[in-house]
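Chain IDs A, B, C, D and E follow the sequence of writing; residue 1 opens each chain.
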Amino acid sequence: MSTLDAHFHGRHGAFSLDAAFSLPMHGVSALFGPSGCGKTTILRSIAGLNRMAGHLRVGDAVWQDAQRAMPAHARAVGYVFQEASLFAHLSVGANLDYAIRRAKAGNAGPTREALVDSLGLAPLLPRMPARLSGGERQRVAIARALLTRPQVLLMDEPLSALDGPARDDILGVLEALPAVSPAPIVYVSHAIDEVARLADTLVVLDAGKVMASGPTNAILTRTDLPLAHGEHAGAVFRGRIAAHHADAHLTEVDSDGGRLLVSAPAAPAGRALRLRIAARDVSIALSRPTDSSIVNHLPATVVDISPDPHPGHRLVRLAVGDTVLLARITEHSRARLALAPGLAVWALIKGVAVR
Amino acid sequence: MSTLDAHFHGRHGAFSLDAAFSLPMHGVSALFGPSGCGKTTILRSIAGLNRMAGHLRVGDAVWQDAQRAMPAHARAVGYVFQEASLFAHLSVGANLDYAIRRAKAGNAGPTREALVDSLGLAPLLPRMPARLSGGERQRVAIARALLTRPQVLLMDEPLSALDGPARDDILGVLEALPAVSPAPIVYVSHAIDEVARLADTLVVLDAGKVMASGPTNAILTRTDLPLAHGEHAGAVFRGRIAAHHADAHLTEVDSDGGRLLVSAPAAPAGRALRLRIAARDVSIALSRPTDSSIVNHLPATVVDISPDPHPGHRLVRLAVGDTVLLARITEHSRARLALAPGLAVWALIKGVAVR
Amino acid sequence: AHAESVTLAVATNFIVPVREIASAFEAASGHRVRISTGSTGKLYAQIAHGAPFDVFLAADSERPARAEAEGLAVPGSRITYAIGKLVLYSAEPARIDAQASVLRRGDYTRLAIANPDTAPYGLAAVETLRALGLYTAAAPRLIRGDNIAQTYQFVATGNAPLGFVALSQVIDHAEGSRWVVPETLYAPIHQDAVLLARAARNPAAGAFMQFLGSDAARRILIRYGYAPPPSR
Amino acid sequence: MLEAIALTLKLATLSTLVLLLVGTPLAWWLARSGAVWKEAVAAVVALPLVLPPTVLGFYLLVALGPNSPLGQAATALFGHALPFSFAGLVIGSVIYSLPFVVQPVRNAFEAIGERPLEVAATLGASPWDAFCSVALPLARPGLLTGAVLGFAHTVGEFGVVLMIGGNIPGETRVLSIAIYDYVEALEWDKAHLLAAGMVAFSFVVILVTMLTEKRLRERRA
Amino acid sequence: MLEAIALTLKLATLSTLVLLLVGTPLAWWLARSGAVWKEAVAAVVALPLVLPPTVLGFYLLVALGPNSPLGQAATALFGHALPFSFAGLVIGSVIYSLPFVVQPVRNAFEAIGERPLEVAATLGASPWDAFCSVALPLARPGLLTGAVLGFAHTVGEFGVVLMIGGNIPGETRVLSIAIYDYVEALEWDKAHLLAAGMVAFSFVVILVTMLTEKRLRERRA
């Protein structure tokens, strides 16, 4: 079976966990939830670093059940911790070799050379970890985790200790990971923008319980969940390159929602892309504008309109082809345009993020 | 004299610093620049924590000149460090009392009660620092720094160790600080959104040198500086409440650029506000749209058009009344609309952030 | 006789003469001698717990007797191998006259003796003071060395102006002043030796016990300030 | 015997105090100075360890005796030389136990790092104020380890004390010497009794100290 | 005299090795166990400190002597009881110096924290592998401090060795006893020479160790 099935339950002081979920054995699955909801506890339980009761099956192998639990070092996981976790007494190269010597034979995975190359580690190899920047450290930690040839790669907020450029750097590395390694990734985060960029599957947690789980866009656009109400709320869906216009640096992308013009690096037609459209970047017009700098105009239908935590705002779900977009507008505008479910409108999209 | 004048020069290993600047003795002044440009070094020099050569005058008092340098403990600074700096052996209350007992007599400043109240510290007072969240820790550190009754409050990236909600929480606290304490704030950051929200004056640093300094918006919209080219580029300017419409939760604001409709909490007319308009939230239209959900449309004139790091994008400076806005649009749109300096257009503003 | 080896357990204060006696014995008999030293009490404790010693040369007569009584030694093998002489000594040249009047005058800050509970010279010093009727006066000023060697160190370093030490320790000292305590003032300091049980059949050990009473050994003893034992 | 017990407690307590008073600034200097020769000083502090205590006592006897410059200075000051006095015992014990105090306290000071002291300075604390109000409380586990090792070592200390103290009942005859004397005099029963009492007492003192420290540390975490 | 020097080096080296072999697992257990009574064990380890060395030696003599159960077991095993043999010396030195090794090593292990060991486990290292490949190298400063203190203490150690070893030339007569004997035999010149040599040698050993450690630490930072 190609799923990871887990059910953990138990207590940690005042905190009680009871979470069951099933994740595909490929791509990125994110555990999302507010601070203290139990994300780290679950990840540590998967890795065998704490003794939560429950059971855990990874593909065909049972790692934990009522009778027995594999010890941590016998589980074929790679674990990227939130903060620095390189061995201070070993150089970068020796940190990598440490993992290689203990790699699970038989599993597939990238070679040392390939990783050094793709993560740009060559100049770092002789250095000691104390002399690396935060971003460099996380890149090494990711390479090291992959070199154990894990069956599952666990990442606990690998970006939260990083800022600005280092964060962008690692996000790019993470986006490319599925191409580098066959191991599925279980990614823990409480930042919705990271989740939107990376995850194919989403498990939403709160206070130790699973609130919802499923494909990313289905979860992101459910207005009964908190994810649709944050600053970074938006929709995520797949597209395919139709054509690239090198002169304008623009790419035409076909998606379930129609054709979009996006800024993306040159790539051959047919290549799959992930598109993200933030609720704040979507405006609504009753007629198609002709002389505006806004490039993308899609015909859409209003699905429903929900309140937003900000009292003057509304969250509008728009059906665009087979896909649902979110738009955040003011109640003032909603009233002026007399928006209501079923109305045919134009979605004006100021920005599309592409992976 | 009501300025802080500094000139520091010297070496730190391979790094060489030679920075002179003058800051007003009120409001928030930000030192902005990339990692390693010397921001922390300058802040530590102001506090007397390292021995950089140079001179430093704070208001009427000379803190350092060629002859002598006041020791750190004699300088009336409050210092909020980047990461945890609470005394681990003292409770929150005792941390505050530590500062009070050593406060510089004679300087004005908020009382313990006032700070406990405004920063919501009451439930934390008996706790030990190890039991606080990151955000709680920084709030206590800020209160403690203010209780020394400093003449200058120095803050070294007080948000960089925080994430999501904790970061928003502290940003709110920082925005309110000038109302709480008369001490000018020297704020170090490499995050342009923080700087835009907080700073009245900006000093841009690079590789140990001052690249530019002046009022925030003047610096933010200079396309010859790197600040206009980041994801968070935008304009910052002052406005004054004209009217508040409680039913629509909207506020009418008069600014140098004209009248804007913004979401802001109820406040009396005449109250001053800081408005931030991100370059990515500004679209350009040749005619005024009538049926769009975009609320704010301002008549504007194209000042100039510069390239953007992203090859398909352009950065357009728009004169709106007496103020300059930035708009980031695609070259595709620029060409389609035939934008050129001097053209009269409409600036469509999707979002206005308010402090 | 072919060469055997004998291990001596010797009270520390006797270490210098015993080395000379041992070489004389080795030269005369062809046997080999190994010397271990320690305080008499320590050596007794070690012997009681299986120490590999053949002959026990104690600084007193009590502990060899006890070793004999407790079956640690060959019965009847105990002999007195030397008699110690007590001397009042000062590192300062004219401090002590022939009458030891400094004692009677009480003209000193401290008087060093060996610990009377553990060292025979200490006991002899106390006996002497009592015999002179000076003990009560001296008691508050007494300082006690762990053994007679430490007592001598107190005096030699000037930390104690006076001290009761062994004649053997100062016999070749030209400087300083001394009063050899008349043997009538204290019970004789018999230093006894026994043949230990494990050495009952060690010919070298027996030979060494014999040699202790020889003229050669007696000459050495006298040279080092001991009285030789009464001839058997 | 009660005399010896009282004296031992007095000596161990006083020596521990002096050890902390002398060892703490020394450890502070070793932890924070940039001087190149400080490791040499650190090595010198450790040296009393390598000499047999009786031999160390002998050299102290020579160094502090009335004929030495130090001894003459002491005589001028106190009216008598230091050996065979309680003060001399304290000095001997302190020199002998110093490494056990300096080492853990230095480690503890080094573990504090720069930051808390910089914070204290920005809060207006002078270096001395910061040392007392920040460095000392933060280094408490190390100070406690040092105090326990120093105390225990002084209680068990014997060679130096015997040599420099002269075994004067009520003044310099401490418990360890008393036990030693009983062993020497073959009064083993008494030695057993005293040794057992001493071990039990020390066990309780050490255990209580360690548990208290643990409790305090947990409060802080 | 050369015999005594060689014996001392052999004893100190071997004892330091045994101290590390015994003290390191013990320190590891003390640092990481959750057992409530571990502080009691820690206090027991510290206890040899409070007994005068000679007295400690006396009890070791009793405990290991041919009449004790332990001694009889040893006799059955090795053909002779342990006292008065080199092996006995090593045992005595180890027990006496154990606290000086266990304390700093325990502190060093505690300073490592959970994280590096968890990281090692996720990289596939078994607990034993992680102990060797992560915990030991990270605790190196503590191990070195422990080794230096243990070495120095064994070199200077004397009371225990004298009691349990019996001062047998070439077998149990180490340098410290030789110096002691010279002092006792009033051959002070020889004592001065030996003591000076020993102090100088130890100074060099300690200094070199400390400087090496410092260099290594700086490389890591």
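One rule holds in what follows: contacts are C-beta pairs under 8 Å (C-beta built on N, C-alpha and C of every residue); 3 or more make two chains touch, one makes a residue touch a chain.
It should be emphasised that the depicted structure is a prediction, and the values quoted were computed from it without experimental measurement.
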Notebook entry, point to check: Can you tell me the least number of steps between chain D and chain E, where a step is a move to a chain it touches?
Noted result: 1
Item checked: For chain C and chain D, chains touching each -> E
Next item on the list: Averaging each chain's C-alpha atoms to get its centre, pick out the one most distant from chain D.
Entry: A
Check: From the C-alpha centre of chain B to that of chain C, how far is it in Å?
Finding: 90
Item checked: Rounded Å distance, chain A centre to chain E centre (Cα mean) -> 54
Check: Taking each chain's centre as its mean C-alpha position, how far apart are chain B and chain E in Å?
Finding: 60
Item checked: Touching two or more other chains - residues of chain A -> none
Notebook entry, point to check: So which bits of chain C are touching at least two other chains?
Noted result: 42, 45, 150, 153
Next item on the list: Enumerate the residues of chain D that touch no fewer than two other chains.
Entry: 54, 58, 180, 183
Notebook entry, point to check: Every pair of chains that touch: which are they?
Noted result: A-B, A-E, B-D, C-D, C-E, D-E
Notebook entry, point to check: Considering the complex alone, what residue numbers of chain E touch chain A?
Noted result: 115-116, 118-127, 129-130, 133-134, 137-138, 140, 219-221
Item checked: Footprint of chain E on chain C - complex, ascending -> 7, 9, 12-13, 15-16, 34-38, 42, 45-46, 48-53, 147, 149-150, 152-153, 156, 169
Item checked: Residue numbers on chain A that touch chain E, as the complex places them -> 47-49, 71-74, 76-79, 81, 85, 87-90, 98-99, 102-104, 128, 130, 144-145, 148, 154
Item checked: Residues of chain C defined as touching chain D within the complex -> 39-42, 44-45, 63, 66, 109-110, 112, 115, 117-118, 142-146, 150, 153-154, 157-160
Next item on the list: Report the residues of chain D in contact with chain E in the complex, numbered from low to high.
Entry: 39-40, 42-44, 46-55, 58-59, 99-100, 103-104, 107, 111, 145, 148-149, 152-153, 155-159, 176-177, 179-180, 183, 191, 195, 198-199, 202-203, 206-207, 210-211, 214
